[in-house]
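Okay, so chain A shows up in both of these, paired with chain B first and chain C after.
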Partner chain A sequence: MKCVIAGGNVKVLGRAVHSLSRIGDELYLEPTEGGLSLRAVNSSRSAFASFLFAPLFFQLYEPGSTGPDTELFRCKVHMKSFLGIFRSLPSLEKSVGKCLILLKPRASRLVLQLHCKYGVTKTHNLAFQECERLQAVFDTQRCASRLCAPARVLAEAVVHFPLTLAEVTLGTGPGGKIGLRNYVEEEAEPSKTMVTELWLAEDEFQSVAVAPGSHITFCLKEFRGLLSFAEASNLPLTIHFDEPGRPVIFTLDDTVLEVHLVLATLSDLESNSQSPSTNGVSHLPAPSDDFPDDLESYMVAMETSEGGLEGPPSPTFPLRTPRPAKSQPEEKEEEEEEEEGAVPGTPPHKKFRSLFFGSVMTPGRPDPATSQEVLAEDSDGES
Partner chain B sequence: MRFRAKIVDLACLNHFSRIINTIAKLAKTCILRLTVCKLYFILSDKVANGGASMWCELSQGNFFDEFQMEGVAAEHNEIYLELVPENLSRALKTAQNAKAVKIKLTNKHCPCLSVAVELPSLSSSSRIVTHDIPVGVIPRRMWNDFKEPSVPDFDVSIYLPALKTMKSVVERMKNLSNFIVIEANLSGEMNLKIETDLVSVTTHFKDLGNPPWASEDGCESNSQGRDLESMAEACIDIKKLQQLLAGQQVNPTKALCNIVRKRIVHFILLHEEVSLQYFIPAVA
Partner chain C sequence: MPFSAPPPASGERYALSASLDNARHLSSLLRAVHFQDHATCLATASGLRVTVEDAKCIQANAFIQAEIFQEFSVQEESVMFRISLSVLLDCLTIFGTSSLPGTSTALRMCYRGYGYPLMLFLEEGGVVTVCKINTQEPDELLDFDFCSTKVVNKIILQSEGLREAFAELDMTSEVLQITMSPDKPYFRLSTFGNAGSAHLDYPRDSDLMEAFHCTQTQTNRYKISLLKPSTKALALSCKVSIRTDAQGFLSLQYMIRNEDGQICFVEYYCCPDENISEAEL
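And then the complex of A and B:
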């Protein structure tokens, strides 16, 4: 593969790498006929991002020999090494005129060459690993709701939330408004946590097509990376979402660039055994009532299910069983063996934690310790 | 018990935010006392606070366009709330170009100070951001714990040097030692000293001036009988001093400190609309 990026597009590439670095530790490069795709996934498989640069983005684009027998070469590199080359965006803009990316299949290194001012050429040789295709399973057509807004509006909305905030809930509210609210974990004490809520009018968006009463909770940190890219490129951002638990897909579209960010969303605890489509209750406007109710029905489910119905899953399975729509056989065929196809499920560590510890701690609520099975008896006993 | 207030002037909002930022640097949790005319931020000298205490007083009329308060009872028309000032600081941080900020005492899942910020937007309606800050209501029987501390019977009272200079000196000293000695005399001289096994550093300030304090019976202060050169010193936790200086974002109109030899240092910082007193006890 050989491609040359010139002029202002070098900075765009740099910004894309910065965005991807917020997601995962490895950068996947996949040259195709349709362009060069850069991808990343996080370790818990709950976030996936891909930037597809069309051939027009490049001054020169040669994906590589594509005989009938040879596949296009795919590889992954350490994110840190790649990011290091594009670390300082201002200096990229000021001094780099051209960037050459060269990958020969039998070469031992991926070559990145920056042609800078005053005849200076910086050549970086990166170690790479061959890899299988990294592809998340998602379909924007299947999402019931869609919002499109200028990136600036979303950036201005997100600024009111602290940088350390992990999750945010996006949903519809009365009067057709769209709201953002910080997500308070079940384990956190509600009387100690500050809650921030922001409402945007429908006319701040370029298009709104949402199912009433819908809401999703996703990781804000991972979204911020894409948001800063969108803001810098002045592109409108489209958010496709469905029910809680199904992934949310953020897309940016341009003539030469297609960006996707797929994030897992938290699923509602109480819609565990119900048909998701009937769960049309509007949650966001009265969130303070919502979460304790969730816990209550969850606790009831814990105590009443004796292994018959769909009780709480065994603590050893961090991911909830993916909803049937996700694991259809025809989709699985496209995926190779080694890469799991990165089905973004519910962020595993969070659910794992709340399931493993059984009773979710709410202040004043007695710990149903009696209903937990003892996994290991005290060897000392009570003799 | 009700409270609602509104700020519409950007300069007032900015000034109020800066005061909250200063308080947030000094105390993780503090008491907000609301009366008809004033707001007080109080930190009492419990062991948990490292013995330091704070009293900050501002007139509501200088900041709020609207201010309505109903206390717990007619004869006790005040409200005492316990809150985390950092939350309030965060809520106001992104409100700097707001059209209006409303603060209200509400009871959602628990008592909260709800800060509603109305922001300009390109659409027909404004954007509203609300922050619900959980607060604890302090019952009336505990109000006596939060009385205004009296000015101690000090040995020396002296104006502080330029806070910016003092701050950079103290910040550098903080890297070398956990404790700092403040000493001053009635001739306008002050020294800041640190001493460790390896090094001792002293910074000398002079011509600072000593504020005149009238004694209670109206006669002149009895400094004439005292040795004007003798230093009164106290050794205090350097971090507390650094927090006090770091929190000052605007130069106060008056800044002074009262030193009680080996006991306590009492700092008074006065701005036009707000006064801040901070007490740092001496360590043994």
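And then the complex of A and C:
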């Protein structure tokens, strides 16, 4: 894969990397025919972000050659190493004219070369690891509610919450207002907790299509990273959400860039609920009521199971659905499939890969026949 | 304003006596070489040289010529002593390090000779501080024997182009590799850290390149921890000259312009890393 980013877009790329660094420790690079995708997932797999840079974003874009049976090469690198190259955004803007990215699988090197002022060239040779496709299963079409606002409105709203605040609840209120409130654990003592709540009028949003009485709780920290990117790019941010427990999807759209941030949300249970793992693979078709009480025991169950869920499935990431043609100017659907939260190095279910490969990033091409069935069956010794 | 210190009781004159209207002319240069606690001071008729060394591999010298001082007199041919550079800097900046425009600390320095402490009289806004810093037997200093005739490769760069590079050096790399060549890549700085390798190339026709005299392709490696302190000198300087000799010894000379526009020099000498140094293409 070879691509060249020129001028102001270098800074955009740098900001995207900064944003992704707030999510996970590894940066996944996936060149496709439809553009270069940079992705990250957090360790608990409850947050997933992807930045897809269309070929037009680049001065030159060559995803590489593929044979009939081979896939485009993809890899992951340490986030720190990649971020280090784009660490100082002001100096990127000031001195970098061009950025060249070369992925040479045979030489085992990922080369990033910055062409700077005064003829100076900075070349970084990064080590990478081959990896499986990192995908999350989500579908914005199936979300009952949708909000779209300029990033600035949301940034100004979020500034009222402390930086250390973990979770925030977004919901609808009387008079069509949209509210934000910090999420307080049930065990917290009312006398020692500060509750901040703010309401935004409908007209602050570019579009509001929400199911009345709906609300979701998600991790604010992970959202902030995307928010600062959105603000800097001056793009409107769209929030797709559904019932509590189902993932919230934040999208940013532009002619050359498509950004998705998928966050798990707290389920609405009587007792303390947790963000279920974002693992889209389960062997039970419906959520069960025996939801484990605390996240820890749930996660332990996740980790110890041999690739399958022992508890109830994650209802957060639904199965894939057909996606509309890419020519739509508004938010595009993107179904991807979350990697099994299994033992690292375990190849994903071959079934999934062969079904999903090639369908995600192909603009304009109709999707291959897909079914709504329980494809998310855990096949690890259990199917 | 400078003021006179009382002469020594016995009537003999000080071995070294100097006064400086603005102590920052001295303190900022000393900071550029402050990577070890102790320094060796050598005063001659031409001025003051402060030397700091580490690991028998690296030596930094700060030169403050006699002309920078309002008064500078050395009795014998030369006067030399070892002193705590940290304490000296603390005293020179005793009135604070932030510089308000128009205010400066005046300095008078006196040294009676071998065995005597270095006396500093500092004054700012009418407040006077007297400091007495003990001196020690001077150490034997390294002699890199680096003279112009032995220089193989030499370039002079505008510091602006290197500052950011040095500040962002991958410190997980043990070495800084410097390649100088009449052919591509001309001048290259490389690191080999945990993230991978990084190379910074400066072409010979770059606007930053003030002079380019490379006769032979040389690649040498230096311990990055030893060279990193030179970033301070680089930050103060407007130009830097980078020279290597046949053995791969490195000389970095920084031209520093002080607040009054006067020129001072700081230089760093460094031995190549024994294990790996070679002249290679």
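As a working rule, the second predicted complex is superposed on the first by the 271 of 383 C-alpha atoms of A that agree within 3 Å, B and C clash if a C-alpha of one lies under 4 Å from a C-alpha of the other, contacts with A are read in each partner's own complex, and residues count from 1 in each chain.
In the analysis below, contacts are C-beta pairs under 8 Å (C-beta built on N, C-alpha and C of every residue); 3 or more make two chains touch, one makes a residue touch a chain.
Everything numeric in this text was worked out from a predicted model, so none of it was measured.
Asks: State whether chain B and chain C clash or fit side by side on chain A once the two structures are superposed.
Replies: They fit side by side.
Asks: Taking the superposition as given, does A:203 touch the first partner, chain B, the second, chain C, both, or neither?
Replies: After superposition on chain A, A:203 lies in contact with chain B alone.
Asks: A:192 contacts which: chain B (first), chain C (second), both, neither?
Replies: first
Asks: Could you say whether A:159 touches chain B, chain C, both of them, or neither, answering first, second, both or neither?
Replies: The answer is first: A:159 touches chain B but not chain C.
Asks: According to the stated criteria, A:121 is in contact with first (chain B), second (chain C), both, or neither; which is it?
Replies: A:121 contacts chain C only, not chain B.
Asks: Between chain B and chain C, once the two complexes are placed on the common chain, what is the minimum CA to CA distance in Å?
Replies: Minimum over all C-alpha pairs: 9 Å.
Asks: In their complex, what parts of chain B are in touch with chain A?
Replies: Contacts found on chain B: 84, 87, 90-91, 94, 108-110, 121-125, 127-134.
Asks: Name, in rising order, each residue of chain A that touches chain C in their complex.
Replies: Residues 78, 80-81, 84, 87-88, 91, 95, 109-110, 118-127 of chain A touch chain C in their complex.
Asks: Within the complex, which stretch of chain C touches chain A?
Replies: Touch residues, chain C against chain A: 161, 164-165, 168, 170, 194-203, 205-208.
Asks: In their shared complex, at which residues does chain A touch chain B?
Replies: 156-157, 159-160, 162, 190-201, 203-204, 288, 292
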